[in-house]
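Chain IDs A, B, C and D follow the sequence of writing; residue 1 opens each chain.
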Amino acid sequence: MKKEKILKQIDRLKSIAIAEGIDLSSEINKLRAMLELESDDFQKEKQMKEVWEIVQNSRKIERPKPQDFIKNFIEDFIELKGDRRFGNDNAVIGGIGYFDKYPVTVVGIQKGHTLNENIEYNFGSPHPEGYRKALRLSFQAEKFTRPILFFVDTPGAYPGIDSEERGMAEAIAENLYYLSDLKTPIISVITGEGGSGGALALGVSDILIMMQNAILSVISPEGCASILFKDSSKAAEASVSLKLTSFDLLNLGIVDKVIDEGPGLEVNPEIGYKNLSEQILTSLQYFTSLSSRELVEHRNQKIRKIGYYKDTTGYLKKGISNTRNFIYDLFKL
Amino acid sequence: MDKLPDSIKKLFVSKDNSDKTLPDNLFVECPGCQEIVYRPKLEQNLGVCPLCSYHFRISVDEWINFITDANSFLPLFEEIVSVDPLNFPGYREKLESLYKKGLNEAIRTGYARLDGIKILMGIMDSEFIMGSMGSVVGERVARLFEQGMNENLPVIIISRSGGARMQEGVVSLFQMAKTSAAAKKFSDSCNLFISILTDPTTGGVSASFSFLGDIIIAEPNALIGFAGQRVIEQTIKQKLPEGFQRAEFLEKKGFVDFVCDRRKLRETLVKILEIHRYRR
Amino acid sequence: MKKEKILKQIDRLKSIAIAEGIDLSSEINKLRAMLELESDDFQKEKQMKEVWEIVQNSRKIERPKPQDFIKNFIEDFIELKGDRRFGNDNAVIGGIGYFDKYPVTVVGIQKGHTLNENIEYNFGSPHPEGYRKALRLSFQAEKFTRPILFFVDTPGAYPGIDSEERGMAEAIAENLYYLSDLKTPIISVITGEGGSGGALALGVSDILIMMQNAILSVISPEGCASILFKDSSKAAEASVSLKLTSFDLLNLGIVDKVIDEGPGLEVNPEIGYKNLSEQILTSLQYFTSLSSRELVEHRNQKIRKIGYYKDTTGYLKKGISNTRNFIYDLFKL
Amino acid sequence: MDKLPDSIKKLFVSKDNSDKTLPDNLFVECPGCQEIVYRPKLEQNLGVCPLCSYHFRISVDEWINFITDANSFLPLFEEIVSVDPLNFPGYREKLESLYKKGLNEAIRTGYARLDGIKILMGIMDSEFIMGSMGSVVGERVARLFEQGMNENLPVIIISRSGGARMQEGVVSLFQMAKTSAAAKKFSDSCNLFISILTDPTTGGVSASFSFLGDIIIAEPNALIGFAGQRVIEQTIKQKLPEGFQRAEFLEKKGFVDFVCDRRKLRETLVKILEIHRYRR
């Protein structure tokens, strides 16, 4: 450890200074500055390791997938398939059943525990028809004022020729559009990997819950690294910058609740299941008590206020429309 | 091109002028027909090659000049500027250098008039971090819809973006939800939103407000889609077909109402606004 | 003419009877009965020729097609394409523009005047995406409370593998479902061939107008003949039974207005255009004056009352639920 | 089959038993596995082959027996009977002979109970002019929805039909509009419509109320579609692929919620009704 070497060196200089009665304070201060720097790097290194472990855990094949949450939580589950337009997407599972005593509509993204399952579920990457199925079932839930549970674990919407041909962008946009105004409670849980727009399409909700070791990111760390460092192997470094962990996102005001996983879902899911189950129950109790108007207003306000920017109005004289120079100056402040 | 003397060649842009915006040189080589075009002529022609109708990318100011009534554009929401919520490496420096260049975020929003009809307008700026949507773009778009709702004005947005702004992480991802929710409320007020997709409109912008227009118009040959072409190629491990994710492809696939030549855009927009009774 | 032969024979018998003083009345009566029968056949033959001519006229390649009506009637027409789900169907053209001073949404089925056009327009047979485009534009019209004009000329929805794969039945059903409740005026005009469910999908309206020589049928006369007579060449005969002409359908209470074509649209469309244009204008004036509630109620009542059946309630004793024998007896009455 | 003595062979239905309903003979040859099945055993098994799960077409009475609580079916709208509005050749005679046989139109409608839960039910009868929809079917279905709306009861319809009834011409065509409009009003009352598609559901019935269920369930291997297979083959001039227009095909294409074995249908329906809070 470089850090310990420096500490030793400082100690050595101190004893020399005392023993020989010379002033070595400037040398010692230099070493102290080095130490501080070294410590930052150390902290960074440590943080990087931690974050990268979370990223890797979130993707572990042993980790419970949305379909496992459904199996565990939902009684009398009846699967409902298809988008009534083009196809049934195996990457998305939807249906109805009971959570506790509440009839609910459930939609999850399926990810495999084996290669064969992964092939069947397209590795948890939905096509547009998957999102359209989710939206169809959401409208059905609205008709019967049935709360909706979304369980999300996806590397992202599938980037393929067929996906684009059938309008992936339009499909995600429509989900965001209609879910924002859906007159029934929506509870969304990021259980593993929350990959960009493909996860957000099932993330518009009254309460956004994240499992402790789940991630949610605008871009995969690998993708970010290859853009940022022109080197996708620097994904661990990028993962820190992206602020993709549950606690980062709680701090940023995007995630409403983080669920303690105990030893980690991939090790033993029971504690995580229990904690999540309690959170869902509380949320159902609360949100079903609201009127649909209150509900939609709350959801819209929640979405509306996400964003970090500086409003420089105070600095501006009225009537000045071209604010470019002002802004530049202000930014430096 | 090769037949020209070197002294003249210098006047032209290099072929790898990758952002394809109108260059400042006096002569331009058209990427569509490889012919040499005289720049003032190109500008007269709204940045469309007079020989092959190739649509050059044009700047926000050019869009304003080409589309809106003279001196009608009145900026809104320019007081909202970016911060660096994630402390993302290099982001602050990038923003500073862009502001220094006189740019004001990846979208400009404001009032404008088209043949006298008052509208609210947003024009994205691909020079600003690829026109990516961070908090400021999201906020400005949301406010534009809210303003339209409050004043019963139509909203026209010209999109051009690489998607969400990586440097603002999940905060920028949620601008997709914010702008889409605002579009929904605006729509419920029964006002008109015309979305114009220009080269390129992809990622988080295409997957939010851009595809939520009552009427969606695309510029010829514009690249429009969700996933980037390189990502798709890496995923499916094959070359993409000719014309894939181009405006004409999207028209055929049923996702844009029509492809419109830029030289016809203004009159088309005016007609649409009139049919929707916005001339008072 | 057999009829004239019989008449001559009767005259001959009469003169014999008078000249010879014998009673030939029974022979003469037999001939008269034959004459009457012959006359029925004659009438039938004549009617068949007339109906079959209408069927053939309705399909004539020279006859104006919906796109021609749009060109003639709609000012500042702007075509809007696509279903935002799968594709843009060339068999269906839709857009916005003005009819007189009214902003309207217009949807027509395109049929070719040439083979090339017909190939482009799939001979006027839409795929599911054509009906979904029509529905999308109808919802848009509703949002802006813009009246809708449908111009219908189709042999029917396209019976192909792809049509079935993308849910033709579902697409037509959804049109019927949502159009019945759409809160904006709908005016539907059958301009040529009104082929079954594929025409009905654009026929749910506040006023159903038929051009005089158009047809509207539950099945093509050819299809009917091949089922009924196991011989599709007997289509002319079947076309009479199907009651598919505008006047038949006016009598049956299904069509609200029949438009005089003058010499026939395929000969000279001007008179037909003029008469239709006046009818559309009157209809627009009337239906835009109604509230959306009145409008939808009127449309629903109109659809609701179509049907011919016998309500045998009066004949039944209360409490008797199994009415089979009653029904059989009653039917014979 | 060929190995059996002639005396026993006579007990079996002929192979070209084209309407595939449960035959009256004591032994049945299963079209699914070609094995010989003892009829009482088949009935115990709800008309499903115990060996290969082939679903035989069953009669309306059998449907009532298999699905609803004993003696719970209470007929409605049976007083509405067909007339011959078009004076269509042979129609009147056909109706008379069907009534003589004791049949009551192509759909039977009424109240029923499923595990005690009160519902409104319609069961189509393919023995009555191929289960085609004329004025009476249209009227009964519309009234069923109206009754459901007025009494806040769920509606379950078991479809089996060749489509609109040719013999009533355009009058029958408009029953599609009538039943769809009724389904819309019913849906707006926020009540549940479960549509069950059995072999075959095609034409004007599939293109109206049958595909308008909140939940659409299909029986295994049932033929479901809009156009008839012969018409499609004649149009495209090629053979149709294996499994085309079958229930499993439709499930894959996203048009039915699930395919359900008849032996699981009752319990599944009860579960769905309960989730929709119809048990009071």
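By our rule, a residue touches a chain if its C-beta (ideal position, glycine included) is under 8 Å from a C-beta of that chain, and two chains touch if they have at least 3 such contacts.
Note that the coordinates shown come from a computational prediction; the quantities given were computed from them, not determined experimentally.
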Chains touching chain C and chain D alike, please list them. A
Which chain pair shares more contacting C-beta pairs: A-B, or B-C? A-B
Greatest Cα-centroid separation from chain C: which chain? A
Averaged over CA atoms, how far is the centre of chain A from the centre of chain B? Could you give it in whole Å? 29
State, to the nearest whole Å, the distance from the C-alpha centre of chain A to the C-alpha centre of chain D. 47
Once you find the CA centre of chain A and the CA centre of chain C, what distance in Å lies between them? 57
Using the touch definition from the top, which residues of chain A touch two or more other chains? 84-86, 166-167, 170
I need the residues of chain D touching at least two other chains; which ones are they? 253-255
If every chain is a node and every touching pair an edge, decide which shape results: line, ring, star, complete or other. other
Just spell out which pairs of chains touch, all of them. A-B, A-C, A-D, B-C, C-D
Residue set of chain A touching chain D in the complex reads 76, 78-88, 96-98, 103, 129, 133, 140, 143-145
In their complex, what parts of chain B are in touch with chain A? 74-75, 78-83, 85-86, 88-90, 95-96, 99-100, 102-104, 135-136, 138-139, 142, 164-166, 168-178, 180-185, 188, 202-204, 206-212, 224-228, 231-232, 235-236, 240-241, 244-245, 253-255
Can you list the residues on chain C that touch chain D in the complex? 157-161, 163-170, 172-174, 176-178, 180-181, 196-197, 200, 203-204, 216-219, 223-224, 227-228, 241-244, 249, 252, 254, 300, 303-304, 306-313, 316, 321-324, 327-328, 330-332
Given the complex, residues on chain A that touch chain C span 84-86, 132, 166-167, 170
Which of the residues in chain B come into contact with chain C in the complex? 187, 190, 192, 214-215, 251-258, 268, 271-272, 274-277
